Structures are given as C-alpha cells and as structure tokens.
Amino acid sequence: MPELRYIRAINQALADALEADPSVILLGEDVSAAGGAFGATRGLRDRFGAERVIDTPISEAALAGAAVGAALSGLKPVLEIMFMDFTTLVMDALVNQAAKARFMFGGQRSVPLVVRTPHGGGLSAGPQHSQCLEAWFAHVPGLKVVCPADPASAYGLLRAAIADPDPVIVVENKALYATKAEVPEVLEPVPIGHAAVIRPGRDLTLVSYGGAVHTCMAAAGILANEGIEAEVVDLRSLQPWDEATVMNSLSRTHRLIVVHEAVEAFGIGAEIAARMADIGFDELDAPILRVGAPFMPVPFSKALERKYLPSADAVVQAARKVLA
Amino acid sequence: MPELRYIRAINQALADALEADPSVILLGEDVSAAGGAFGATRGLRDRFGAERVIDTPISEAALAGAAVGAALSGLKPVLEIMFMDFTTLVMDALVNQAAKARFMFGGQRSVPLVVRTPHGGGLSAGPQHSQCLEAWFAHVPGLKVVCPADPASAYGLLRAAIADPDPVIVVENKALYATKAEVPEVLEPVPIGHAAVIRPGRDLTLVSYGGAVHTCMAAAGILANEGIEAEVVDLRSLQPWDEATVMNSLSRTHRLIVVHEAVEAFGIGAEIAARMADIGFDELDAPILRVGAPFMPVPFSKALERKYLPSADAVVQAARKVLA
Amino acid sequence: MTSSHRAALGENQMLKLYADMLLIRRVEERLGRLFADGEVPGFIHLSIGQEAVPVGVMSALTADDTIASTHRGHGHAIAKGMPLDGFFAELLGCEQGLCRGRGGSMHVADLSIGMLGANGIVGAGLSIALGSALAHQRLRRNAIAVAFFGDGALGEGLLHECLNLASLWRLPLLFVCENNGWSEFSPSAGQITFRLADLVPAYGIPYVASDGNDVVAVSTKAADIVAHVRREGPAVLECFTTRMRGHYEGDAQKYRDPAELEALAARDPIRIAKEYLRRLDVGEERLQDLLTDIDCRIEAAVAAARAGSAPDFETAKADTYTPVDLH
Amino acid sequence: MTSSHRAALGENQMLKLYADMLLIRRVEERLGRLFADGEVPGFIHLSIGQEAVPVGVMSALTADDTIASTHRGHGHAIAKGMPLDGFFAELLGCEQGLCRGRGGSMHVADLSIGMLGANGIVGAGLSIALGSALAHQRLRRNAIAVAFFGDGALGEGLLHECLNLASLWRLPLLFVCENNGWSEFSPSAGQITFRLADLVPAYGIPYVASDGNDVVAVSTKAADIVAHVRREGPAVLECFTTRMRGHYEGDAQKYRDPAELEALAARDPIRIAKEYLRRLDVGEERLQDLLTDIDCRIEAAVAAARAGSAPDFETAKADTYTPVDLH
C-alpha cells in the first residue's frame, strides 16, 4: 500500500472533487496563488484555474455568508478558514443561515457547502491559534461535523463532505498535517456518521477522534504491555456520531473512556458520555471517564502546552482507574 | 414579601449597579431612548444619562470588542445583545479576546464585562430568534455563564455578574420576562457558581436552569400526586456549575434527570450527565436521562413549537422511566 | 430601457406597477388585521409605505435573477412572485405554507422564483446575495442577484466586506438600500455617520439614489442600473422611503412625532402611483376593479390558509437534513 | 507641535527616534536568529522595515495613551516602552515574560504602559482600541487610544463598524494603518478595492497619509493628528511602509519579485533616519556607541530570558479567572 501524508490526502480529495464536479469551487485566504497557509490547496489553481480556486480578502463573515448564497444558487463551495479559532467570525452564516435554510424554507433546497478548518495545539501557536471548537458546531441542528485522524479518512471524509447535500464542517488536526500513513491504492469516500474500530480489545473502550486517536493508540500499546486490551474507536464523524458502534463496543468491554484534545468541560466527550450513561447504563461496570484539555486557554509556552495537551499517560491512568 | 416581575428585577439590578459604581455603563441597540427591545433598561437613561446608557448602531461585533477594550481601560460595560441568536456575531470578541485576555496577558488585568442576552422559544419567534446557545459559552475557559429562573435570581445573578472581575454571559429567558414572583424586601446579589435546591425530594433529582426550572416544578407537582417526590435543583450558574449540590442531591435520590430548553445533543445537560456518570457513578441506581429540545431548528408554527419545547409531561415520563 | 423610460411609461406598465404595489399593500393591511386578531403568531414587520421599492426593482428583474431580503420581506417576496396561498399559509404557520410553517414572516422564501428568503439577521442577506451573484457569474448565467437591506444595516461590517468583494470580483450584484430613516425605535441618523452616496464610490461602485416612494422613479432607475449590473458588475441603488407603520405590528410608535406620521400620507407610494394613472386617464372604475380583484385573491388565500393544516412534527424534524434518498 | 516641527527637529529628538527604531530593529534581528536556532517557539512576524511607524506614532503619545496592536506587534510594544527583559522572556516562553509565557509573540502586552496587546485576530485591535477610547472619554481622561492595523485588515467589516462608531461618538481614537502592501503571501492590492483616503472622509473623519519609512514624516504627522484626536475626535493616519522580511520567519517569499525585495534597501527606515542625522552632523561614532549600547541591552535581556524558568502549570491554570481574593 502506498503512503500518503494527511495534508496530501486533503489536497487529493480537493483535486478529485474539483475534477468530478464542475460546481465545486474553493475559497479562502491565500488558497489559490499561495496554495494555502498549510499547503492544502497547493497546485490546484494551476490545474483548475483561479475561477474555481479563489483567493479572498480577509473577510471571513462575508465569505461564509457568500458560501450559503452560492450553495443555494448551484455551486458547491468549499471554504477554508485558516485556523478554527477564526470560526468565531463565521458563526452567523453557519449557524443562523447554512444550518437552518433547508429546514426553515420547508425543505425547498439544501445547502451543500463545506468549511475546512484546522484545530489543535502542539505548535506553540498560542491561545488564538490552537482551539478545538467542534462541540459548538455539533450542538447545531442542520450542521454535520467530521474530524479525520488519518490520511485515508482525511481523504474520504472530505470527499463525502463535498458530496453531501448539507453543510459540513471538516475539522482537520494541524499537528497531523505532516503525518504519513498507508492508504489503499484507490482512495474512497468515507461515509459520514460511521465510526471505525481501529484496534479491537476486550477490557475497555477508548472513544476518540482526530489527533487524540493517536494518543489512544499509544496508550493502548502501553496498556497491552500490562495485559490490558483496550479497544480504540475512531469516531471520524462527530455530528452525527456513531452511537451504535460505541454502544456495541461498550457492551463488550463494559468500560468507557472518551478522549479528545478539546477542552473536557462541555466538549464532545460530554455528549458521548451522557448518551452512554443513558442507553449504555446497564452495560457499565465502572464510571465513564473523560480525558480532555483542562479548563484554561491553550498556553503558548512549550512547557505549559505539553502539560495542557491530553497525553497517552493520562489515558493510561484513566484506564487503570476504570479497571481498578 | 413584595412581588416583582423578572424583567423589572433585571431593570432594578441595572439601576442599582449604575448607582453603586460609576464605572458601569450600558450599551446596546435601543437600550437608551427606547428602554430596550424587551424593556430591561426602561427609565435608566432618564436617571443616569445618555453618557452611561448608550444607544448603539447595529454593529454587534465592534460593540463586543469595544466592551473588551473598555473593560481593560477602567469601565464595566454591560452589553445587551437583543437575542441570543445574534451572539453569533460577537463570538470573536467574547471567545478570543474577553475570555483569554486575563490569562494570556499573564494575569496583568481582568476583563470585567457583562453580556446580557435573552434565549428561548415559546413566542413563535422562529428559528433565528429563539435559540439557546449557552453551551457554547460554557465550553470556553475564561467565561462565566449564568441563567436565572426567577426574579430574585435575575436580580442577584446580574448584580453578581456586574460585580465580577471576569467576563460573564447573563442568559435571560425571554418567556420569563413577564412572569412575577415574590422576592425578599431587600434584593441581594446571588453568588455565581451556586445552585439552589428549590424543591426537596427523595426519589429522584431534576437538575435544570432558566425556563425549564418551571417545567421541572410542574412535573414535580404531577409526580407528587403519584407519590413520587422529585427534588428540583436550579443550577442558576452554568459555568462554573455547582457540582457539589448536584452530587449531594444525587447521593440522596440515586436518580438523575437533566432538563433544559436547549437542544439536548451537546447541550449543558451533557456535561452534567457526563460528570455524574463519572463522580456519581456509584450512587446511580438508574440511567441518567436528559430532557431537552430535539435536534432541529426552533420551528415557527405554534403547533410545531409546542411539540418542540420540552414539556412537564416529557419530564414526568422520564421520571417514571428512571423509577421503573 | 433608458431614463427616457419614465416619460414613455405606458398605461399597461403603469397599471402593472400599481397593481403590484396595491397587492402588497392590501396583503399587509390584511395581515395587520389578522395579527391584531391573534391569527398570526410571532411578530411581523410590515412594509406599508415602502411598496414602490420592491415593485420598482422587481420590474427590472427576470425570473432567473435572485434576491435576498430582510426581516421586512413581504413586499420583496410578493413582488418577486411568491404565490399568495403559500404566503398566507406560511404566516399562519400551516403545512401549506411555502416553508411548511417552519419559518413564518421573517423567513418567507420561494427558491423556485429566486427568492432566497427574508432574514431575521440584519445584514445577512447582503452576503447571501453576494454568494448568489458569485454562482451566477461562475456558472455563466445571465442572471444577477439583488441584496435588499435597510438603513439600520448600514451599521454592520458585513456591508463593507460585501461592497469590497462585489467590486473585487465584479459580481452581478445590485445592493438596494431601503432607507426609511428608522432602525427599530431610533432614527438611523443617530447611528450612521456617512451617506451611502459618499461611501460607495470609494469602492469603485456606481451609486444611484431614488425617491423610494415613486414607483416610476424606482423602476426607471432600477431598469438602468440592473442593465449596468448585468453587463458590468455591482452597483448600489438607494431608495429613500417611508415606514408608515410601527417597527413591528403592535409598536405604538410613541417615539415618533405625530406630525411626521401625518405628513407621510402625502408620500404614500400608492397615492403617488395613482396620480400617474390619473394623468394617463385611467378611470377610477378600473382601479376599483383592480382592488376588488386583489381583495378577492387575498380573501381566497386567507380562507385557504385558515383551512390549512398544522404541520407534522416528525416530518419537520426529518427535514433538518436532506433525506438520504435525495443524496 | 505643528508641521514646522519637521524643520525644527533637533539633534536630541532625532537621535531618540533613531535609537528607538534601532532598538526595534536589533531586537527583531536578534529574534530572527533565535528563531532560526529554534529558541523561539511558535511563529513570529517581524516588523523589520516598518519601525518608523510605531516609533513615529509613539513619539506623539503620552504614557496614559493606550494602543491596541496586531500580530506584527513587537515594534508597537517596544516603542510604547515594554521592558526588554519581559519581552524576550515572553517570546521564549518563560515565567519571567510579561505575560508569564502564556501569550508569546502574538500576545505581548503590558497594561501598565497602556499596551493592550498584540493580537492574533486580524482587525480585532480596532474594536479593542475603540473601547479603550470610549473609556478615556467617559472617564474624562485626557488620553487617546490608537488602533494599529495592516492593509490586509482593510478587508474586515470591523473596520467599517469602528470607523462609524468612532465618528458617531467623537472618540479620542487614532486609526493607524500600516500599509506594507502585503497580506500574508498576497499583495493586498488584489484584495482591497478602495483607498483609505477615499473611504475615510465619508465617515466625516480626517485622513492623513505619511511616508511610513521616514520617521520624521511619521512623527511630525502623528504629532499633528494626535493633537487633533485629543481635542476633537477620531482620525486616520495611513503609513505606507515596507515589509522587508517574510510574512513570518521561515517564509522564503518565493511569491515576491527579487527586484522588489532588492529595491527595499533604499527605503530602509533606519537608513533614512541616519541620513537625517548625518545632515545634523551627528558623528558615526555616536551612532556606533548607540548600537553597542542597544546590543548590550539586548544581549542582557536575551541572557536573562535564557536563564528564565518554565512557567508553572497550575499557576497558569488558576489565572484563567481572577483569584477570589482579588474580587
């Protein structure tokens, strides 16, 4: 199997989508001539022209609103918001317009737009360039949210998002951009709403997404050395999320830990845990634990950020706790 | 005890705060000459002058940013955002600036600002004038969030919010504005972070806030007729929230239902439930249930909105389920 | 059409403009009564006194052109051709409503005729129309998009972003400011420090002002400017008009000088249009027939709406996302 | 001060301006090396080539005046008087940093000298400065606020909202646009369709342009315009300047014409200032002494920062909110 970088998988997905559907356009700051701040759109202007790969001024709010209008008028816009922290500027367009247009217009038309945006820390990018805000979007009826953890799903989820008739927020983890993994010869869309069990195990379930999936895998490795077999579930989609796969795993392991890089309080993990504390209650042999970022802004200094980010150690400790 | 309307309690709190502290100013669209779209600021311009009760253009983003700059420079701004749905326009100022300034400047200065904003449905105000978005803010380290359910706490939480050195989002329930209740002769601040057990009961715990508190009280009344004693906890503060009081109640009743008007998925209730599924696990005799709005935009038509809003009946059914 | 249009406006054209305005007027007056009687849920913003703007602008558009509207959007919807049945049923919250009772007054939309929706967020329509214009341009349609917005929306930063983007990309986008002097309960003069006439040229965008209560003026200027937009790119049309009712129904307008309110009658767009018709020797009888016809249509739509059914909750909920079989 | 200031600028004043610019230059050059060596975490945006703007503007401000800055904020911080020790320690992520290592380059702030922070959000400083000016006005201080922003920020709607609000409330707010022609990797000419000179007068706000690489020009114009702002209300100063390095360190600037880059040397603000000093007969030796002194101070600050300690995590976390005893 060939190896592919996460960022190249995104690039490939964009290229294939542009190729497959003439109504797809890309929009964003420096996405065209410069190929994107992180290089996700490199080479696409040369292949598809500046008419479809469009550089924009720094006008996030208007661009997101324009994506809604364009989607209602026959295009499939894919908007890049350079850092997820800047989605603070596009909430109205996404939440009050994109998410609701289909519903509030009586189902007359769908809003096929995609917002791609990187979240996450680890680069000492500081408090305004590192946040994981996906829980906001998952709380909004009408939006879908996905977050790939590896190149194959980065490709597949983005293709599925662009093909989807409804607005999808594709959250990329910027610390993963440079990572590589093996991918199938032929890359395929990954259906939205389906989780993957990426490591089977009988003793406890680790549910995660994005960068934290790798933290979980590392933790599972450490635990295996102690004879503990952790099952690792990569959610891939956060809204809708794959309740059945999580429930299925829980009913075999009877122990659940949810892990993510986002702030723990009121994060994605809260919903997973709350749901399992309802429908999974009878299967639970231990408290549901969460491992997420502490309740503070993402600090700049390396020393602080290292302690801030959820670690494999923290997951291991949580695992020991639910097994105690 | 005198009776007071919820909206008058807010008005009184603003008046007393303006009286007590010359650095307090009010800002918002039509808050001054017109006295506010809901009348919260009525009469305050006459008493305190247009210099302190300030009408603004429709420029939410700049006003919220200005509140941050003003708070860093010696004022205590209280900004009214006419509908919580419009907080989509002020996320950057609140999340990237207000919430982080104290932390990211090394604790040099606090940001004493308040945003008052009404949420909630029941008025057929439609999908863009009814949303409950408090979970977004509760997820942001550096912000505090409160949501009063009655006139006394509407007064007290707002006074506490204005006195607080950190940014506080005061979420008011617009369906409560016209409601009345008895209040003490002397109104007092209500400390942020403290819940109130407003009805004791031994059989199950209903945790709620804002308008849904009354839904819970109605449900508790119905349940009492069946011999079921529900304890009702009014959270009052959502960030920080009073884990100890909820835990305390749970360890007496062993059954928990979280109720709110906001969309259930990824809402405030998810965090309460998740936390109790962790620290309260050993006390739980039944699954934790949540009663919240379904995953759809708030519909306009009365028939739809009635079914959309969490009802006392739904709470009663949930109660029967956890007691079954 | 050129500016000689005004002189040349014939009887039929004039009657059409008048009828379109009268339809909006009578629809909204009827709505006002329905609202007072408690039949319309929520709150409604009537555009009584402003009808010449939607009618004049829409007279210059084709069916393929798209519009994005505001919270005060009934006039835009009806002038663009939204069927009355679907309109009233929507305002009464029925399944038969164009939005199946989910949006109401502030969200009336009819995508089939390019009406991209009224909007509860001041200014939001600006960027939606911008995106629609981008689609027209990239898909090489001959269509244009129109963004309606009020003078209160001049305070929103989105205006600046959209003016710049429209100019940058030479989009087929017409900005139409309905300047009625009010932003809710306050004169917008106390909020806005610039005149659009001064601001817009900075972006290299042509600006045209019109008496917004004279439908002949609006339609004439709209015809010219729409032709420009279709050919060359964005433009701004500002229509100075009058809000003759409260911000929303039930607003007693205590903040308004009674003398100002009284003076509005002279500027009533329907009255001004009638004057044109009189000069064209159109008899009172024909106008009476028109009115009767319009009122009949309205009553039929109201009756149909009243006979409408409550929307089904599960159907509505399911529509939050596109059904899988439509993927 | 008036515009005769330019002629009258004496040796001491000129030396002070030069020294302030040189300090920023040397600090940033040192930072560039530290960054290349991997000693500075994150990413840093240097203002090399733009030093005349912060130094010129700050020469017209008092200690009570406040400023809000941008992602390219080192120059503003240092020119406003931020101590070097706290500055370097911050950039290296140490507890001894002015922000205790929590903010880094993009968030350097020193509230004690009215420096309200660099900012990672393009345009955000505009509204923060607006609010600071509102506080000055309402608390009847004689102070003004200054909002620095780049030409890329011209695309943000916040600019429009802030211009309108500043004009409406006659705030003591100076907008300073540092127009270096670039927005990241793109010429801002491809993004912005208006000239500030054309836009600003629409709001009834005075506009002044300056050569942003000539510190005498900037300081002279700043003196005049700051006096105006203190007396009468808002104004805009646009400084045309040059970004001599990449958008951030590590940016190879392949998108830039080498000829353009080469031509920048002639416009180097330090060089231009030196020219003034030469005309004032200030000897090379004095300049050398100045440089030595500056470099010594910098090396001392770097050494101190290197000896700094890692911030304590729990202390940082606790500082998310104001400690209760400070309530």
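Order as written gives the chain letters A, B, C and D; numbering starts at 1 within each chain.
We adopt the following convention: a contact is a pair of C-beta atoms (placed from the backbone, for glycine too) under 8 Å apart; a residue touches a chain by one contact, two chains touch by 3 or more.
Since the model is a prediction, treat every value here as computed from it, not as a measurement.
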{"item": "Candidate from A-D, B-D or B-C with the same interface as A-C, over half of contact pairs in common", "value": "B-D"}
{"item": "Of A-D and B-D, whichever chain pair has more C-beta contact pairs", "value": "B-D"}
{"item": "Farthest chain (mean CA position) relative to chain D", "value": "C"}
{"item": "Inter-chain centre distance, chain B versus chain C - centres from mean C-alpha coordinates, in Å", "value": "36"}
{"item": "Centre distance in Å when chain B and chain D are each reduced to the mean of their C-alpha atoms", "value": "40"}
{"item": "Separation of chain C from chain D, taking each centre as the mean of its C-alpha atoms, in whole Å", "value": "46"}
{"item": "Where chain A touches two or more other chains, by residue", "value": "56-57, 59, 61-62, 85-86, 88, 92, 96, 103-104, 126-128, 141-142, 295-297, 299-300"}
{"item": "Contacts with 2+ other chains: residues of chain C", "value": "97, 99, 101-103, 107, 119-121, 154-158, 161, 164, 168, 190-192, 316, 320"}
{"item": "Footprint of chain A on chain D - complex, ascending", "value": "41-43, 93-94, 97, 99, 101-107, 119-123, 152-157, 183-186, 190-192, 255, 310-311, 313, 316-317, 320"}
{"item": "Complex contact set, residues of chain B against chain A", "value": "85-86, 88-89, 91-92, 95-96, 99-100, 103-104, 126-128, 133, 135-136, 138-142, 239, 263, 265-274, 276-279, 281-282, 284, 286-290, 295-297, 299-300"}
{"item": "For the chain D and chain C complex, residues of the former touching the latter", "value": "154-161, 164, 167-168, 190-195, 198-199, 201-204"}
{"item": "Touch list for chain A against partner chain C, complex", "value": "23, 25, 51-52, 56-57, 59, 61-75, 77, 92-93, 96-97, 101-110, 141-142, 144, 163-166"}
{"item": "Contact set on chain D toward chain B in their complex", "value": "66, 68, 97-103, 107, 109-112, 116-117, 119-121, 124, 126-136, 138-139, 145, 157-158, 161-162, 164-165, 168, 316, 319-322, 326-327"}
